[in-house]
Amino acid sequence: AGCDDNGGGQTTAPTSTVKQPLKIGIMYPQTGVAAAKGQPMAAGVLDAIKYINEEKGGVLGHQIEVISRDNGYDAAKATTIINEFISSKALLFTTQASAMMSVVMGIANEASLPGFTVFSAPSITQPAKHIYAQMPDYGDGWAIFADYYMKNVWKGTGKPKMALMLLNNSTGYGAKDAADKLAATMGIEIVAVEEHTSTTANEIEALTRIAAKNPDVIFISSTPQPTSIIVKGIRDIQATGKFAGLTIGCGHASYTSQLVDLAGAAKVEGVYGVFPTVSWGENVAGMAKMTEYVNKYHPDFKNNMDYITAWAEGLLIAKILETAIQNTPGGAANLTPANVEKYGFQMLNYDVEGLHGPVKYTPGDNRLSKGMRVFQVKSGVITAISNWINAAYIDYGLK
Amino acid sequence: MSGGLPCGTRNFSYAADMAIFRTKTHWALLIIGLIVLFTAPLYLSVYWLGVVNLIGITIIAATGLNLLTGYCGQLSVGHAGFIAVGAFTSAVLTSRLELPFLVALPAAGLLAGGIGIIFGVASLRVKGFYLAISTIAAQIIIIWVINHLSITGGFLGMSVPRAEIFGITFRSPQSLFFLIMIAVVIVIFFAKNLARTRIGRAFVAVRDNDLAAEVMGINLFRYKLIAFFIGCFLAGIAGSLTAHWIGFVSTEHFSITDSILYVGMIIIGGAGTTLGPILGAVAIRLLQQGVTYISTPLAGIDWLPPGFTAGLAPFTFGLVIVLFLVLEPRGLAHRWNLFKASYRLWPFSY
Amino acid sequence: MTGPAEQTAVETEKAIEKPVIVSLKNLTLSFGGITALKDVSVDIRANEILAIIGPNGAGKTCLLNCLNGFYKPQKGQILFEGKNITRIRPDRAAQMGLARTFQNIELFSGLTTLENAMAARHVFMKQNLLTGGIYFGPAHVEEIRHRRIVEDIIDFLEIEAVRHHVVATLPYGMRKRIELARALALEPKVLLLDEPMAGMNTEEKEDIARFIVDIFEGQGETYPDTPVLRDGVRAIVLIEHDMGVVMDLADRIVVLDFGRKIAEGTPEEIRNNPQVISAYLGESATR
Amino acid sequence: MADLMQFVLTGITVGLVYSLIALGFTFIWKSSSVANLALGQMVLLFSWIAYGTMEQAGLPFWAGLPVTIAAAAGLGWVLERVVLRPLIGQPILSLITVTLGVAFLFEGLVAMFWPISTAAMPDFIPDEPVQILGAVVSQEYLWAAGIALVLFILVSIFFRYHKMGVAMRATADDQMAVWACGIPVTKIFSVSWMFAGALAAIGGVLMSSIGGITHGLVETGLKSFSVVILGGLDSFLGAIVAGPIIGLAENLGGGYLTELTWSGVKDVIPFIIIVIVLFIKPYGLFGQERIERI
Amino acid sequence: MLKLNNIEVAYLNVIRVLHGVSLSVPDGQIVTLLGANGAGKTTTLKAISGLLHVEEGDVTDGNIEWNGERIDRKNAEYIGRLGIVQALEGRRVFEHLTAEENLLVGAFHRKDRKEVKNDLEMVYNYFSRLRNLRNNTAGYLSGGEQQMVVIGRAMMARPKLMMLDEPSLGLAPLMVDEIYSIIRRFNEEQQTSVLLVEQNVRIALSIAHYGYVMENGRVVLDGTADFLKNNEDVKEFYMGLSAVGKRKSYRDVKHYKRRKRWL
């Protein structure tokens, strides 16, 4: 006989409401290699749920009961955690990134437990099963940038030549998959594909080879640190007269204020990038509450972009549960994972208080929000230069 | 390898002198131990069962590394790479070629062992820390190759079907528990016997004094390769079990840190003893659990710096390893033997 | 191993001329600039204890190292029972019947006395990964059979008391004996001893001397199941700096100096050879 | 041709940065035969300490650097005192593993005190790249390479001629015999860890002025292991020569082989080279061979 | 003047090795310590030099005095600076250093650079063979040459008391003579006291002024060298001489032993 509180996590204590609590599972890498991302995210989502439970009285009067576990970015741990979610009858679960979701989604799909991951790769939502993506993936990021570039930046004649600088994991290669699929039809010629590690210290060599191909645009799908190295490298080479008139675009994994810090404002000036959430301080409906909470509970994460995504995730969870209760025949009493998916996820229609692209389910497409905006660094500040652009569904033919 | 005999026990034949379990108490303890182990699903929660499964797989891999590093003295810091070979072999065979698990499991071991032999060839001339680095090279090269093969799913990894033997599908944590534990018992039995017979003695001879071993008729190269083969074979088996236990493989899960951790395990447990890798695997995995356990509630404490919990895991981890080694540099198994010795001599302790 | 028929053959050999078992011809060995051996020829004959003496650094150990393949001489030839073994691998040499002890103790320090000797039985065993790992069955039978022989050797060398002790912690003299046990476990045809008595007092030297003589002569039916003890070894090569031991035990002595052979002959001849006196013995030894 | 020049220049300068870190490894190895696997983490921690003194506490560079180096040396001293000294004379594997423990410990400290995980080092080297024969290299690399060479000369002289250096080499050979000469082995260990800490701090500051302070510094530590292996564990000359060789192999190999193989080949080439070189020269290019006598 | 008063030594707090050893080494004299393997000779030397602490051993009772100062609680470094050095048994050279560097390590504590140069010259004068080998890697020297390096290294410290542990081990007879004559010369010329541990009793007593015989951690016999040389027990058990003064043959030993065992 199992007992629930054995995995070493905390469960938020149910308050004195008579209505049964809604149990959900959340796993974040609060320790381990991805802790730097997992910590603000865990803070964000738990703060949002605290807000819902305490200030809004829960979801239609039901408290959300969170089983929050630290997966340490470790496959074995994630496996035990998903089994625990299933055996403790969670209604839905979420993870932070595709790596951990890939590990657990086989078991979750077998158990028909719906869930979503914040950052995702196409292999998670294609083919569509019980797993969803909160936001567009790295392929979508490329597609949105390419589309914007063709429409607004590219002024030359013929096909623009594009080079790809990819991180050697699913983040980097997500962009390549989309480019493989769409570049030809969009009228872009991919002239070079280069791979780097997350810890690279120098990419002059790859850039030198790219320079020989005279690209018009370079797309970097990576994280801030390598991206800063690459951008600095590009600037160095430009000093020799190569790379004249080059446009630089970045995927959303790297396009944060950290990039500006690391590379130096002068070097990233003019660099384009895409991003799926709003920034701190933007005038949207949800900003005030979120700012209040972050100041109160996690002032260190003020200005952290991952906190925003995760706060939005908390709102989204509440909305899914609310939608499910409203639409399930028999209401809350009949909530099962299957019903949450059928009546919660698939009937969802929500603007996430403006914090990121609006969410609406389209049959066969398990991405919840599909939009990103394009930004550019102007006088050292990352500035939005477009509205939400929705990425079309790209069929990668995965089975 | 003289086992622990209570005071006053004597052996009257070589066969009896060589047995592992020599007294009725030994046998009783063994049987009780096995019963406690195999009824674990009855009293352990799903979560802890998962932890036990993980410990089981870790023991298999650590036992392999112990044969290679602990017994034969060939320091390998690329063990996770060989585990990856096993995991991906099994994944590819069962999911792409749809071969049965019972074919994929040994095949995973054999391929990992085979690749182990290739890198083991380096050990012909290279020793000690030099060898350690060339095994790191092995890991890096292996992972790079797997990442760029299309059959393995590249950077995305691939999902793995459930293990199936004679129509039984191992899906639930409970059924996987039995699969893994049976493998663990077989592997420990095998390793113990290997260690106390011809090949094990040759391993230790190579470790303790390779020059003398060679002059005493032991073919160094052959035995180093055997050690690489068997060490990596067990890594492959552990990899295959991991793949079918998790249901998904990705190169991200086989990092240098893991390789390093395996070395840490056998040292903390006690290299060159059968018990060492078992104690080491249990200690390290439980420590990981413990750290997770305390860090989650600590994350709720607002006045701690936000990085506190993230740092706590590696910090505690490092601290424990350092303390272990400073206090017991020869490993837990050594401490256990001292304990046994005092029990054996009891009540005459001198 | 050796049947009764062969045993009588050994006996008759003793009676008549002593045939050559190992013959080293014109060996030259150098390391970079240092020439350790220069054109050295030595014959090792059946039924003799051959002593090799010479100043430090004369190349005595190098000679043994060449003999069992640890060093590869640049020039020259080594014949063992007629076969050319000049650049043989050390482990092959051991399998052919050349076992030795070492100048500085070279035991397998993590193994017990028993296991050290059993490790040397390795060459006679047939277990593989599978049978060894399964143990019950052929491996078990084999282990017991070899254990008997090793126990005989342990009994003979009077080291029963430390049978199960890990050798690293044992006293010096004891470890020297265990080295001897390990060499015997290889059932050598020719036993090579490199300074077996260095660092011992007279009493301990006497013990070792007794073992050497007993090994050489064979113990007959005291150890019927252990051929190497029953029949003895065919020849012993002894490197030693204690002239008392050398003069008493050796049948023949070869003297090396600066990598060259400077003399060869019976103890009596060597004792009075002026070249040997000036290069090696010094005045005090002749007193 | 211009490309070749670029690959060569980048290879050599980047390689010298690896050498810089590798010197710290060799220092410890030569004085105590301890393989310091915590090297990368030391570099990381000391970089953060530099960040703490210069960016967070606001010290100017000329004051911040000495403070950092002093702190690093102090930490090296503590490390030797608390962790390594109790293990003198224990099996070598235990010594290696304890440095692994230290590695985890340092990573934990970094995560606790600097949870931001990446940061930029304050600028103290001019930004403009330098052009040499049509190839371009940023000044940060030139500085790092130059300092690596200077440090190399200093430590080589120290070990060859200074009596402390000679005693350190003796200690690596036989601690017991050094004790018997009445030489304080413990002091030798303390001093060498303090030096190693200082070297790691200098390396860290230079490295992170190039690519920011990130976990990547740990990986560079890993790469410097391949440098010391290639050069020979106990040879400073080896470290200083092997670094550029690895750098060149990466850049030339990446430059001309990527088209023929898979991308990312640049990152495995050093390791392929190591395996091959070790096969031909098991003790690296300049390493001392083990004295094998029986 | 070194004095050991009734010292007891235990390793790891449990293994008692010395049970009350007393001896003294007067200034400028050569004193030899004889005894079977495992008698505790090396342990006695380590107790004096402070190396015992490194091996988890301790002087549990009694005391050691050097010119009236108690040194049994002091560490090896301090004792080394007092001028007491020990040459370990088994030719422990620093293998990867050259012969000359080995010698210089011996002079680590000395500040007088000029004098060190002179002493180097002195050592090369004693061991003329080393002069040519000064730049050779010590690990490749022959056994005798390594022994010279070890003794030379001890001399380089300009010790007041030099403790030598089995300097004749594994040396050729001629070399033994040579090294011993050098030890005697050094003792006479530099007035350095020498504490000498030996298995080769004949040669040790030939240069020593005084000797102690140890057995199982106790001193069982002591006296002047001449006294010991003529002692019947010493002759019989340590020099292998029979009552008549002639050496028994090692071949005969066998039968003698056998008989002894059956009786």
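A, B, C, D and E are the chain letters, set down in written order, and residue numbers restart from 1 in every chain.
As a convention for this text, a residue touches a chain if its C-beta (ideal position, glycine included) is under 8 Å from a C-beta of that chain, and two chains touch if they have at least 3 such contacts.
Everything numeric in this text was worked out from a predicted model, so none of it was measured.
Asker: If you walk from chain to touching chain, how few steps can bring you from chain A to chain E?
Answerer: Tracing touching chains, the least step count from chain A to chain E comes to 2.
Asker: Considering only chains that satisfy the touch condition with chain D, which of them also satisfy it with chain E?
Answerer: Touches both chain D and chain E: C.
Asker: Using mean Cα positions as chain centres, tell me which chain lies farthest from chain B.
Answerer: The chain farthest from chain B, judged by C-alpha centres, is E.
Asker: Centre-to-centre on C-alpha atoms, which chain is most distant from chain D?
Answerer: In terms of C-alpha centroids, the chain at the greatest distance from chain D is C.
Asker: Could you state the distance in Å from the CA-based centre of chain A to that of chain C?
Answerer: 73
Asker: Which whole number of Å gives the spacing of the CA centres of chain C and chain D?
Answerer: Roughly 48 Å, centre to centre.
Asker: Centroid from C-alpha atoms only, then distance chain A to chain D, rounded to Å. What do you get?
Answerer: So the centroids are 37 Å from each other.
Asker: Quick check: what residues of chain D touch more than one other chain, meaning two or more?
Answerer: Expected reply: 111, 115, 263-264, 267, 293-294.
Asker: Could you check chain B for residues that touch two or more other chains and list them?
Answerer: Chain B, residues with two or more chain partners: 147, 211-212, 215, 305-307, 310, 312-314.
Asker: Could you list the positions in chain A whose residues touch two or more of the other chains?
Answerer: Residues 33, 35-36, 39, 168, 300.
Asker: Which chains are in touch, pair by pair?
Answerer: A-B, A-D, B-C, B-D, C-D, C-E, D-E
Asker: Give every residue of chain A touching chain B within the complex, in rising order.
Answerer: 1-3, 6-10, 30-33, 35-36, 38-40, 42-43, 68-70, 72, 74-77, 79-81, 83-84, 86-87, 99, 102-107, 110, 121, 123, 168-170, 172-173, 297-298, 300-301
Asker: Of all residues in chain B, which touch chain A in the complex?
Answerer: Against chain A, the touching part of chain B is residues 43-48, 50-51, 53-54, 57, 147, 154-157, 159-160, 171, 173, 242, 245-248, 250, 252-253, 257, 288-289, 291-297, 299-300, 302, 305-307, 309-310, 312-314.
Asker: In their shared complex, at which residues does chain D touch chain E?
Answerer: 88-89, 163, 166-167, 169-170, 172-174, 176-184, 187, 234, 288, 291, 293
Asker: Which of the residues in chain B end up touching chain C in this complex?
Answerer: 1-2, 14-15, 18, 189-191, 193-194, 197-202, 204-205, 207-209, 211-220, 226, 229-230, 272
Asker: Which residues of chain C touch chain E once you look at their complex with the stated criterion?
Answerer: For this pair, the touching residues of chain C are 31, 34, 53-58, 103-104, 171-173, 195, 198-207, 209-210, 213-214, 241, 243-245, 248-249, 279-285.
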